[in-house]
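Here chain A shows up in two complexes: once beside chain B, once beside chain C.
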Partner chain A sequence: MTKHKFQIGLVIAFTYLLVHLLIPPVSVRAQEVSLSIAPPLTEITIQPGRSYTQIITVKNDGIPVTISAKIFPFVPFDRQGHVELIEDQNSVNAFSGWFFFDPSPIPLAPTRSHDFYVKITPPAGAEEKDYYFTFIAEVKNDNSLGINSSQAQARIGTNILVRLSKDGNPQKKASLVEFSAPKIIDSFSALSYKVLIGNSGYSFFKPVGKITIDQVFGSTTTLNLTPLNILVGGSREITCIQGEVLIPCKLPGRFLIGIYRANLSFTIDGSGESIEKQIYTIAFPFSIILGLITIFIIYRIIKKLTS
Partner chain B sequence: MHKRRVIVLALVAIFLFTFAVLSDRLTKKADSASLTSSSVTLANSRLSFKAPITSGAAGSSLITISGAAPDTTTRHLFPGDAVCFTDAGNNVCRDNTTYIVSSVPTDTTFNITTPLTTALTATDFAVATQSGNWSVGFTSVAQVPIGGSLVVTIPMRDSIDGSDSIPDSGSTIATGGFDLGTLGPSNFVLEGGTSCTPANWGTPVIATGSATTDHTITWTRASSICAATTAFTLTIGGPGVVNPAPITGHAQGTADSYGITIATKDSGGNVIDSSVPRVDPVEAVLISATVDETLSFVVAGLSSGSSYCGHDASVSATATSIPWGHFSAANTFVYAAQQLTVNTNAAAGYAVTIQENDQMGKNGNTCTGTAPSTGDYTFSAGTCIRDTTCDGTCSESVAADWTNATSYPGLGYSLASQSGTDAPFFYNEKTRSWSAKQLADKAQGGETAATIMSNSGPVSGSSIYVCYRITIPGNQPAGYYYNIAKYTATATF
Partner chain C sequence: MLKFTLGLIASLLGTVHAQAVIQSPNYVIQMPNLNSGAGIPTSSHYGMSATIGQTAQGLATSSGYLVKTGFQYIYSIIPFSFTISPISINFGDLLPQTPASASGTLTVSSGGAGGYEVKASENNPLKVSSSASTIPNTNCDTSCTNTTAGVWSSTSRYGFGFNMSGQDIPADFSDLTYYRPFADRASSESPQVVMSSIYVGRARQSTVTYKVNISGTQPAGIYNNIITFTAIPSY
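Coming up: the complex of A and B.
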């Protein structure tokens, strides 16, 4: 009888394990915070006292989170278009009347998104100039870990460039801070150009232009400048663009020889007077000459030693 | 007399019988059969678009069609299509100008990229011609004798100019057909097997159809018999054959099926083999999608035991915390790591910065300033685990090697690329043992958030490891220490 019970127990245990083996596993979501935000950049020209509403969508593709929204002013951090948020409360409070949106924490389940309706209303008396902000959606963390810890808080932001103008035509002024390339290069070296454009006007703009490189007695190559935003009072290093791919402003080719004349020309937002500058580069096969001289010297030494 | 009539009738009957038998026996009959493996493949099977105009003013970019046949709506006209406007006689493109469709806002209107040179009239047609090369294949059953021929018949719209390069349309399939445009003999290339030398066919003769006669292209066998069971390939190249517009009453999405007749004939014009493969031009389908600009940012915790930034993680991090727990030993490095991943199609790229709300304060007390006022952990009135100075020279903006866990306690971090090259510094850079930085103490120390990932263009799955390291001195007061590290991902302006 005891043996019989043991056999029944064995069968039940085997069946239980088999059923668990055959049941398809429930998909497991990676334990990660994953947020996306759209659009990543908003550019607005608006009159003081008028309103504009921008919808900013935040989507959660990770674990369930609660997010809250904030808006901070920012200043350009470097010449690559990165921002430095001004998070002190005084600066935030200075623009609190400009923006209306729901700041209450929003729980977001996995794969769900939330649209923030951000109404922007610059006061009627606000100075006509540019104002730069970043809308931040940040994950609310649980602060009750109770052990030594460094909590990690994810924040994702979208930049809002506000051009405040009554007539919609603020003064824009560009300055060519730097357009340079090596004066002399070896024929096997790459010929790269550095373009740094500054904004000395009253409103942000995008440079629209190109670098035309003529080899004297040779071919012509055109490199198109990437139309990147340059904010007031700052400057930006401009890359080049081919189709929709950003590329370094570099002359393609494996062997360069002769004099290369590069002419940079651009306009502000594609209109108005063109700003131009020319520079020259001489490409010479120094490495080949050096190699030949080395071979010649070795030859002479060997000849001297053998004679 | 009666007998004589019988004899005459009998002779006539014998004659007729003999004539019938002999004529049947002696006459060489053509054995007509079906060509095998016959097919016609159109490189472009899209129907041409042709719609009567209602209006289109000079200088305007908006065109309105009438809704009458052949094309009763603009659903078969897509942005990017080349379109021209013919007069009622379908003679030429007005002003010899071709326009490009920029948008199709409604079923009866479309826009072009450049304004009209001259005004359109109600007798004009908007025409978007679709043409393409043909590949015709078939295998003969019987041989083609010298003097015999190969004839390909292509249906043509009845009673119209079938070679003016303007797409044609009939009221039915039987009356509709293709336009040969400017095709010449050199555009018809006929190839056969080794037993049917192509060079022995004569130059193709193109007979453009007229009235109810269809187009024919005829090759005559000039020399040497073309062997039976020859696999032929006919390529119609050059500008290609102009596809018809829809027939009257055409249901969109349903092909208008036309038969192409292929036949081999003997020298007397009798059909030897033939077949009628069909071609089915139909409307194209516009597949479109809108991709929004977006920035996505993922923070993932990494488990202990695996190596990141050259060291095994001592504790498992989650996406939201690095739970250091109880420090089991002083003057000993403890490691943890998280993974950051960014995707963006923003043209100007993105940046991720890191900052802390404060240094790790005991029970959350404030750690005033960037460095202890006394010793390793006393900050004015607060007690903290400080930010490391590495081996004495690193800050939130400058990395330095950090090898000494005893003399230089504190919290720091380093980076390693997981995918892409978006990290600004690496744990093993400059032949260092562990190149590290402090977290930027923005609130209490007034420091600037540091960039830990960036790219000046769109990225797909750029990913780094952020590796944290902490060590405490032996006399660090007991307590619960914590702070918050903030990752901020923003698009570049």
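Coming up: the complex of A and C.
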């Protein structure tokens, strides 16, 4: 009797589960905020007093959210292209007349996107120089949970580089801050190059160039510099590029031996006078020599002990 | 029959799982080269002058501007994306000298950008909204700052802090015992980098482990704060 009841119970449980499985599934969403923004970078050269409107698209791939937009000026944070937002109200207010966009909160359902029309109008009397901004889309958070908790708030940004110029040709000037590599390396070590380029001109630019590495008695390898933006008054560590992939400026791994001459040459935005520098590296199989010496010493010791 | 029923239930249970409907196609190409979509420049008075992969040739006086969108070395404009999961970090009931931890993940795809950074800060320390009671930010076992992590394993060291593990994280998070306090914007502290890279990355992911430890004298209440994560592509 008891066994019979148990079996009936199992059948009921099975039926219950089956019914729930057959009901159309209700969307189960992880508590995940996922935003994307495009374009990731906008570079504008504009005359004072003129206007230009850029569309910035924010897409929601997570739970329903409400987003709002802000624009902050930024300064370079380091030599790697990262930014430091200037969020104090005075700095933000200083450029409030430059930008026009809808700052009101926008509800964004999953998979939906919103286009922000950002109209930029530098005042006619604004100084001709560079201005750097970051457009930020910010998720509104509710912090009224009745439990001990932290709420994670997402903000995603895209940078806007503004070159304010009447003729569109501000003076650009580059300086080679550093082009270096180890002077002597072991043959099995990688040969990495460090390229640091500074901007001592009046507008941002991209270095266009390459590192040509000649082995004195051998082949030639070319590493292309990534045309990364270098902002006014700063410097930037330049990576290399292969196809569309950013890579370290490094001689491809293999057995290196002999003298390697590396010639760095680049121009500003692909035109004008080329800036060049040569450095040399000697690759020698120290590890092999050390290994042979060690083997020889061990051999001599063993021979001495056995004789 | 019993075995059959149990087996069937087990197999059905095995198929029951959360059907995550969130789709994160991180690499939808939204705007191929010289195409339109996000990033279309418009002007009510002047002709469009958008270029991709070209160098500035000076301004046409009729338009008054020249625009480039995306990165010149990547021929497609791929959106920059950022995901936080989950957004609610629940610590449950806090017990004195019993650390409470909770984790979340940060995911960044900078396919169309040459690198990125994620910075973090808190609006204030964990705080009871109706009173001035706060759980102070951690100083770790001996010391740690907003920029330098320190070991925090003692149950008699109180506060609130976080650990980072995974990809593209700061080097000072040597292992899971290393913590930092969040930068406190209420005290005018600047947000600090918790993820960064100078290379194009796809679905780069890190784990944030939040930790709270209170003393026996901590006033009762519901403690909350907001941690802001700002993800920005490199320029």
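Convention: the second predicted complex is superposed on the first by the 278 of 307 C-alpha atoms of A that agree within 3 Å, B and C clash if a C-alpha of one lies under 4 Å from a C-alpha of the other, contacts with A are read in each partner's own complex, and residues count from 1 in each chain.
Keep this in mind: a residue touches a chain if its C-beta (ideal position, glycine included) is under 8 Å from a C-beta of that chain, and two chains touch if they have at least 3 such contacts.
Note that the structure is a prediction, hence the values are computed from the model and not measured.
Partners chain B and chain C clash in the overlay (superposition on chain A). Once the two complexes are laid over each other on the shared chain, residue contacts for A:68 go to neither chain B nor chain C.
Of the two partner chains, both chain B and chain C are touched by A:132.
In the superposition on chain A, A:221 makes contact with neither chain B nor chain C. With both structures placed on the common chain, the touch criterion links A:50 to chain C but leaves chain B unconnected. Set side by side, chain B and chain C differ in how many residues of chain A they touch, and the one touching more is C. When both complexes are overlaid on chain A, the residue A:149 reaches chain B and chain C alike. When both complexes are overlaid on chain A, the residue A:161 reaches chain B and chain C alike. Using the contact criterion defined above for the overlaid structures, shared-chain residue A:269 touches chain C, although it does not reach chain B.
Residue contacts after overlaying the shared chain place A:206 against chain C, while chain B stays out of touching range. Once both structures are placed on chain A, chain A residues 30-41, 59, 61-63, 77, 80-85, 132, 134, 136, 141, 145-159, 161, 226, 228-229, 231, 239, 244-246 are touched by chain B and, in the other complex, by chain C.
Chain A meets chain B in the complex at residues 30-41, 59, 61-63, 76-77, 80-85, 87, 132, 134, 136, 138-139, 141-142, 145-159, 161, 226, 228-229, 231, 239, 244-246.
The part of chain B that touches chain A in the complex is made up of residues 292-301, 317-327, 338, 343-344, 346-351, 356, 360, 385, 411, 442-443, 448-449, 451, 454, 456-457, 468, 480-493. Of all residues in chain C, those touching chain A in their complex are 1-2, 5-6, 8-9, 12-13, 15-16, 18-26, 30-31, 37-46, 55-56, 58-59, 63-75, 77-94, 100, 104, 107, 109-110, 112-115, 117, 122, 126, 129, 190-191, 193, 196, 198-200, 210, 212, 222-235. On chain A, the positions that touch chain C within their shared complex are 6-7, 10-11, 13-14, 17-18, 21, 25, 27-47, 50-57, 59, 61-63, 77, 80-85, 110-111, 115, 117, 132, 134, 136, 141, 143-159, 161, 165-169, 206, 226-229, 231, 237, 239, 241, 244-247, 269-271.
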